[in-house]
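In the two complexes that follow, chain A is the common piece, with chain B as its partner first and chain C second.
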Partner chain A sequence: MPEPVAAARPRRWEGWDRAAPIWLLAAAALVGLILLPLGWLAYMSVRSDAGFTLAHYGRVLGDPPLQKALWNTVVLAFWSGLLALVIGAPLAWLTARTDLPWRRSIQHLVMASFVTPPFLGAFAWVMLAGPNAGYLNRLYRDWTGAADPLVNIFSMPGLIFVVAIYTFPYVYIMIANTLGLIASDLEDAASILGAGRFQVARTITLPMVLPAILSGFILAVLQALALFGSPAILALPAGFHTVTTQLWAFFQYPPRVEMAAAFSIPLLLATALLLLAQKRLLGRRGYAAVGGKGGQRRVIRLGRWRYLALGACLLVLGAAVFLPYGILLKAAFSRAWAQPLTAENFTLENWSFTFLYSTTQSAIVNTIELGVLTACIGAALATLLAYVTNRRLVAGHQVLGVLAVAPVVIPGVVLAVALFVAYTRPPFLLYGTLWILFLAYLTKEMPVGYSQSEATLRGIHPELEEAGRILGAGRFRVLREITAPLARSGIIATWCFVFIGVIRELSASIILFTPNTKVMSVVIFDLKEEGQFGAIAVLGVFMLAMTFVTVVVMQTVLGRDVMGGRQAGGAG
Partner chain B sequence: MTYRRHGIPLIVLTLTAVLSVWTAEARAQDPRLDAARKEGKVVWYTSLALTSSEKVAKLFETAYPGVKVEVHRTGSQRILQRMMQELQANIRNVDVVHTSDAGHYVLLKEKKLLMRYTPAGVEVFGAGFKDKDGYHYGLRATVNVIAYNTKVVSPAEAPRTWKDLLDPKWRGRLVTAHPGYSGVIATHVLALVHLHGWDYFKALAQNKPMLVQSAVDPSGVVASGERPVAANGGDYTFYQVKKKGNPVEIVYPKEGVPLVVSPSAITSFAPHPNAARLFTDFIFSREIQQVLADTEGLYSGHPQVTYPADKPRLSDLKVLPVEAEELEKRNEEIKTRFVEFFGA
Partner chain C sequence: MPGITITGLTKRFGDVGAVVGLDLTVRPGELVALLGPSGCGKTTTLRLVAGFLTPEGGEIRVGDRVLSSAAVVVPPERRRMAMIFQSYALWPHMTVTQNVAYGLRFAGVARGDRERRVEEMLRAVQLAGYGARYPGELSGGQQQRVAVARALVVEPEILLLDEPLSNLDASLREEMRFEIRRLHERFAITTLYVTHDQAEAMVISDRVAVLREGRVAQIGAPAELFEHPRTRFVAEFVGKTNLIDAVADGAGSVTRGTLRLRVAAESLAPRAPVVVSIRPHQITLGAPGRDGGDANVLAGTVVRASYLGDAVDYQVAIDGSDVVLRVAGAAPARSRPGDAVALTVPASACVLLPATDDPGRSDAGRGPS
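For the complex of A and B:
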């Protein structure tokens, strides 16, 4: 089909897209957002008063306690990734392909675990499984008469467990989505040839989802590497550091920012390599069966295993959702969290104390302000960028696509170190304002926002836009009047994703806050250091409520589950 | 004494009455109030336990309507870190700074970050509460003690001395706060290093104590029973949880108790200097010092302050004071060696 404008030789400015400055601006914003702080970080790590130096690297890599922190992080990330896989993969298979009872409810609960701030989970598990006062350990002692605790949450295995029960949803989502795309033809063929149900799963289904399994594992490892709150709550009392808590400790007076910068780089390299590996794994997804939407997906009958499987699912979700939420609620209404919730122990004081505390009030306002601001600008920027890359509007749009998801590899603490270095000096003096937190959140949420917008725009065919263009509308007007309305629900979902991500953010905030720019997560962390369990529980419950309201809004707008995975049994 | 029999409510009632009389007087007399009102607020970085800080702030706001107190409570070391980080980025936020690490004030004075100001009536305070150059004064004092959960540990087997804590029977049963966070604990560590040397902490680490941050936190940990014995912590925090009915008993070790006098000062760059002076006078007044003693269980430098009957007098205790200059000089060493022994 010939281009309608190609007839006459265009005059000099005729081909000029009047919206071009907007694309370029969006692209420039992204580049600045990521490259400026990372550039400063790299520079700080090799800078000294005498000029270039590698001494900081020598010091951080040669210091035994720091080596130990690195090793602890490796151990934590590997084992919690593995545990997340062991939990997430079967759960995904069960809900996506079998006749497991209550599949929908289980999906919703996985979603709940997904949006639970990991540091709240860790805090709840302190009350559940502290070796002596922990609720579960006390029950265990009462029942068995044993002197020793059942579990000690203040330990590496305890930390791995708590990290895993909040990262397994990443594995779950990867695998559930892939399983939803695999037709049952091959499985049927194997069945006809005489393979048993579980042999089919092992020889046909498993190899087909293997790339998804591996990349889910890598995603979980990435999450575990970047976490700050859980190790700070569980590892520090046990007397060990991870890279993230150590980075934070570098900021104690007198601050050693160069050391922090140098110590950030290994973590950054590790996450970048992992993401690269994941991309290659997914890129190799060559099975013809994956990717198409046709074909039948038959429900696998579990038979007598049905209720056993359900029990296993509930056990996992009990650990991730029911028990922690229950103990948080109890602590929110108790004078002493470790005592039974009797009439005498019941109180509303925690609530009044928490909300009358001036810092809490301003933190809630700050959190909501930042959440709304970041979600609005983030959703707009992500949509614009996705539009630019999807419709190939500028040269180098592929690079933009990569840059937009690149922050996935930057752990929050590292990003915060970089932003701190970049924005505590002229020309950009942003430390002490909400703007530095805004930049941190915007950068951190860009990958999620971008992926979501990209998927939305891929679903909108350019034909309608082309029709608008032929009729004489400029690019920007087409975007505003045709594309945006079609993408509306997708954009709102992006907004919600970013908002949820922002209100729970701790790892970057903990380095970038000042007393006037405290956010809820930082207040919770502060209260934790003083052992104010009741107040933390109150704020935690409040934060969870905010999150779930957002999730409900998002699901209503989208008209489907956010978790995406197709239901087995339905249209099939 | 009446307040022993009738409990806290009566104290509060009496105090409120005293305060309202006293404030009416103060309001009439104080010409600085208008200036303070124009500034609108005073920003207070404090390491005093959150509930106590909030209480003092509320009392001030009641006494001087129109002047708000912005309380930012965190550990002493974090306060210094905050202040310095902010100054480096040219942020002048804090008016009144109060930590439990006397060494901080040596440093801050040296860097010319403090304003010379003598709170009204502070001349009667004990010598240990006054800076000879007139920059900072001790707002409160506490001593580091051992405490135990009486449901788990009987009085007979409870530790009596700091050295008792080294007994292997306490392995896995102790909790300690952190000198990298708390000034009370930094002071404690230095005092015990004087007494028993660094080997004491090396040996204590063998008992694998649980590490918490704030000197306030061990009281909660002991009350909940998570660890039955606290290896340190301000006596006032244990006193408070005990008063709330928790099964906690305090031990004042025979070797002596590290004394922590927590100074307060106005910063040289205070954005609300008038409110800061008004607030400083207020917190050093006999009335507020009495509140801190009665409801919080703190010690005061004010000679006329009376103490609850169930608290030992400071003069009856063998206290182990620490020189601020030395605390400042050895700050780095204290933190590094603690981390070396305890792991984090």
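For the complex of A and C:
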């Protein structure tokens, strides 16, 4: 076939992707957001006036009180992780696979525990189980006439307990989702051969769910490692430190930044290793793969164990939700929170005091401003990044995906130290402004935002965009007219996730705040020093109300339960 | 109306060569089917033509414009093509009318004209009156027709179809085959059609290109491929066939053991290994002792007779040989397992194929153009 004499060739620039600058900008923002502070952290930990040194590490790791703090952290993380597992796994099995009464309500209550800020729970439990004025202890003393309290929440076991009741939802979600993937036919095969329902659970279901169980345990341990509020409230009065409280102590005047930097690194390494282990367990798909073809799931009948199981669930939820929320509400409306709620004790003064107090007012404004700003920018950035990695728009997109979830490895306190180091010097003098808090929140919530966006985009078939392009629409137009409308509810869900995460954030805020840039969680912490439990309760209730409103919005928009259940009539 | 010229197209995914030096020409207004098993590179080739993938080597030309090369790829939105996807890719948040009208916005068509053309096209695909519905409210067949309307209404220079019928049930698929052929004859757009269904390819296309391992094994009109396959692979993929390994005797026949067949081919070198392809429907089953004239007559015994309703599928073992031939006979079955029969095979039905099937051989791709 003879070639045409002159073939019209396209110009080189015709082949360039015009959207490339946007993708590259998003990628650069992510890299800057995460690697810059971490780089500074590593640098500070080995810096001194005389140049490179390992002396900081030496002092930090060789100092007996600091070693004790490290050990306490290990003990706390391990035992609370175990307790979270013991609570979360059976609860997940009961709600996901059996005919437990009130399953849906219990799921919602677990969700309530999930969104409750752990430090609020810790405060509530101080009011419930403090050795002197704790409500439960008073009841016990009144009934039995004993002089000693029943429990003292200001102890390691107390701390383990409080941490576990707010980290078990992570285990619950992981296991409930996995159980949702197992079809009944695998278990039916065992039942037909004569196995009783508990035997089936033990010999068939359990091994299949084991990777999810271990993975959930690791997740709970990771959460426990990073907590600041609960150890600060319960451990410090009891006279012991964890790594997070110790890091905070390093930042009390005068700040010993190099020590903090050096002390952060072991924590960072520990979380990184744990996450690696968790990834291995789940394989490349990121969830516990189970055998069978999937399909119908029948419920297991509990028979006479029904009410016993229900009682156990209610006990757990009582500890996590009913009792703490109850005491918070009571304290919010009482003159003296330790006294019974009689007509004379009832007051609305706590509310007026709190909301008329200028520090609280500005803190609430700050929190909402930061929440909205971080949620908007975070959702946009997360969606853009998820789009870039999902559609493979730049070389090295896998690295972007890893970076986007990398912050989960960085405990909030460590992140705050890193940001402090990075942004307390020219040219980025952000310390003392709300911007440094914004950066902390954006970094911290990126993994959650990115995961949700990723899931949203995976649900939008690339062919829907290709169909637009072949008909003449450029990349951006397709993004605007085809992808965005379809991704809208997912983007709103991302927004809600980030917003909730920001308003309850404490561990980074407590290090980066200044008198002019307080947020609600910091104010609550301040009020603890003054013993203003009424005001704490009011702010706590307010924070919970904001959170629940957001959760309701999110579930309505998504049409399904975030815990993985389906709402009746939802799109699923 | 331009044609498509693909020369030396190469695309790798990792170390797997999905398309390896593929050459193909689609004449203006012609419908060429890319036929082959999964993994043969047909969808990759289509996506390269659409501009969604960048080739590592080779060129794709439409008319006299070079659209894709290893150096530059013109983006899909500027290639003046339209595509119908396997999943239809209808936008669920837009009505049927909005879906179909989408491409017209970029073709510089005024709003009034747009509405008119959309209505005309919906009538052409028998969906008049469905404009206000959403894709979620339509059946699979209706969705498919919306996808067709959306592609045709922009009057593209090139039409690409990626297995558009594979999501439909069997009877609908057959009906839609004729529909697509009818639309092609009406609009006469240069079309590339990917399918793994051989019957579909035969009904729909002007020419069929059989792909194997990233190259064109043979290209030609459906009858050409069916009656004169050039390789073992093509003979087996396009329709059912009997394949017999034999040796040429240099005098217009081939032998295998005691079996001798006269074949329709120029004289071959003696003792050259060959493969003989005989289509089951070209063998006539009859009572023993018939005279076949110039045709080959083979004595055999019926092994199996499967009743298919409108036909009977026989397996006949040839006496004195290890060869078992499949024969397509008319219903009702006239012979039963164990019966002695005579098979009449005309020499023209015995097609010679190369003994080795090397997809890398350069002349395997050159069908009659």
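What we mean here is this: the second predicted complex is superposed on the first by the 544 of 572 C-alpha atoms of A that agree within 3 Å, B and C clash if a C-alpha of one lies under 4 Å from a C-alpha of the other, contacts with A are read in each partner's own complex, and residues count from 1 in each chain.
One rule holds for everything that comes next: a contact is a pair of C-beta atoms (placed from the backbone, for glycine too) under 8 Å apart; a residue touches a chain by one contact, two chains touch by 3 or more.
Predicted model only: the values in this text are computed from it and were never measured.
Engineer: In this superposed model, does chain C or chain B come into contact with more residues of chain A?
Structural biologist: Of chain B and chain C, B contacts more residues of chain A.
Engineer: Given the touch rule stated above, what does A:469 touch, chain B (first), chain C (second), both, or neither?
Structural biologist: Second partner only.
Engineer: Once the shared chain is lined up, is A:62 touching chain B (first), chain C (second), both, or neither of them?
Structural biologist: neither
Engineer: Please indicate which partner A:131 is in contact with in the superposed arrangement: first for chain B, second for chain C, both, or neither.
Structural biologist: first
Engineer: Applying the document's definition of touch, where does A:236 land relative to chain B and chain C: first, second, both, or neither?
Structural biologist: Touch partner of A:236: chain B, not chain C.
Engineer: Please indicate which partner A:359 is in contact with in the superposed arrangement: first for chain B, second for chain C, both, or neither.
Structural biologist: First partner only.
Engineer: Would you sort A:486 into first (chain B), second (chain C), both or neither based on which partner it touches?
Structural biologist: Once the two structures are laid over each other on A, A:486 reaches chain C alone.
Engineer: Between chain B and chain C, whom does A:249 touch in the aligned arrangement: first, second, both, or neither?
Structural biologist: Touch status of A:249: first partner only.
Engineer: First (chain B), second (chain C), both or neither: which does A:424 touch?
Structural biologist: The first partner, chain B, only.
Engineer: List the residues of chain A that touch chain B in one complex and chain C in the other.
Structural biologist: none
Engineer: What part of chain A is in contact with chain C in the complex they form?
Structural biologist: Residues 1, 4, 6-12, 14-15, 17, 461, 463-464, 466-474, 482, 485-486 of chain A touch chain C in their complex.
Engineer: Which residues of chain A touch chain B in their complex?
Structural biologist: Result: residues 65, 130-134, 154, 235-241, 245, 249, 251-255, 335-338, 353, 356-359, 424-425, 429, 431-432, 514-516, 526-527, 529-533 of chain A touch chain B.
Engineer: Which positions of chain C touch chain A when the two form their complex?
Structural biologist: Those in contact with chain A are residues 5, 25, 50-52, 61, 64-67, 69, 71-79, 81-83, 85-87, 89-93, 102-103, 105-107, 150-151, 154, 160, 369.
Engineer: Please output the residues of chain B touching chain A within their complex, sorted ascending.
Structural biologist: Checking each residue of chain B against chain A gives 43, 45, 49-51, 54, 57, 68, 70-75, 77-78, 80-82, 84-86, 88-91, 93-94, 172, 180-181, 208, 210-214, 216-217, 219-221, 223-228, 244, 246, 332, 335, 339-340, 342-344.
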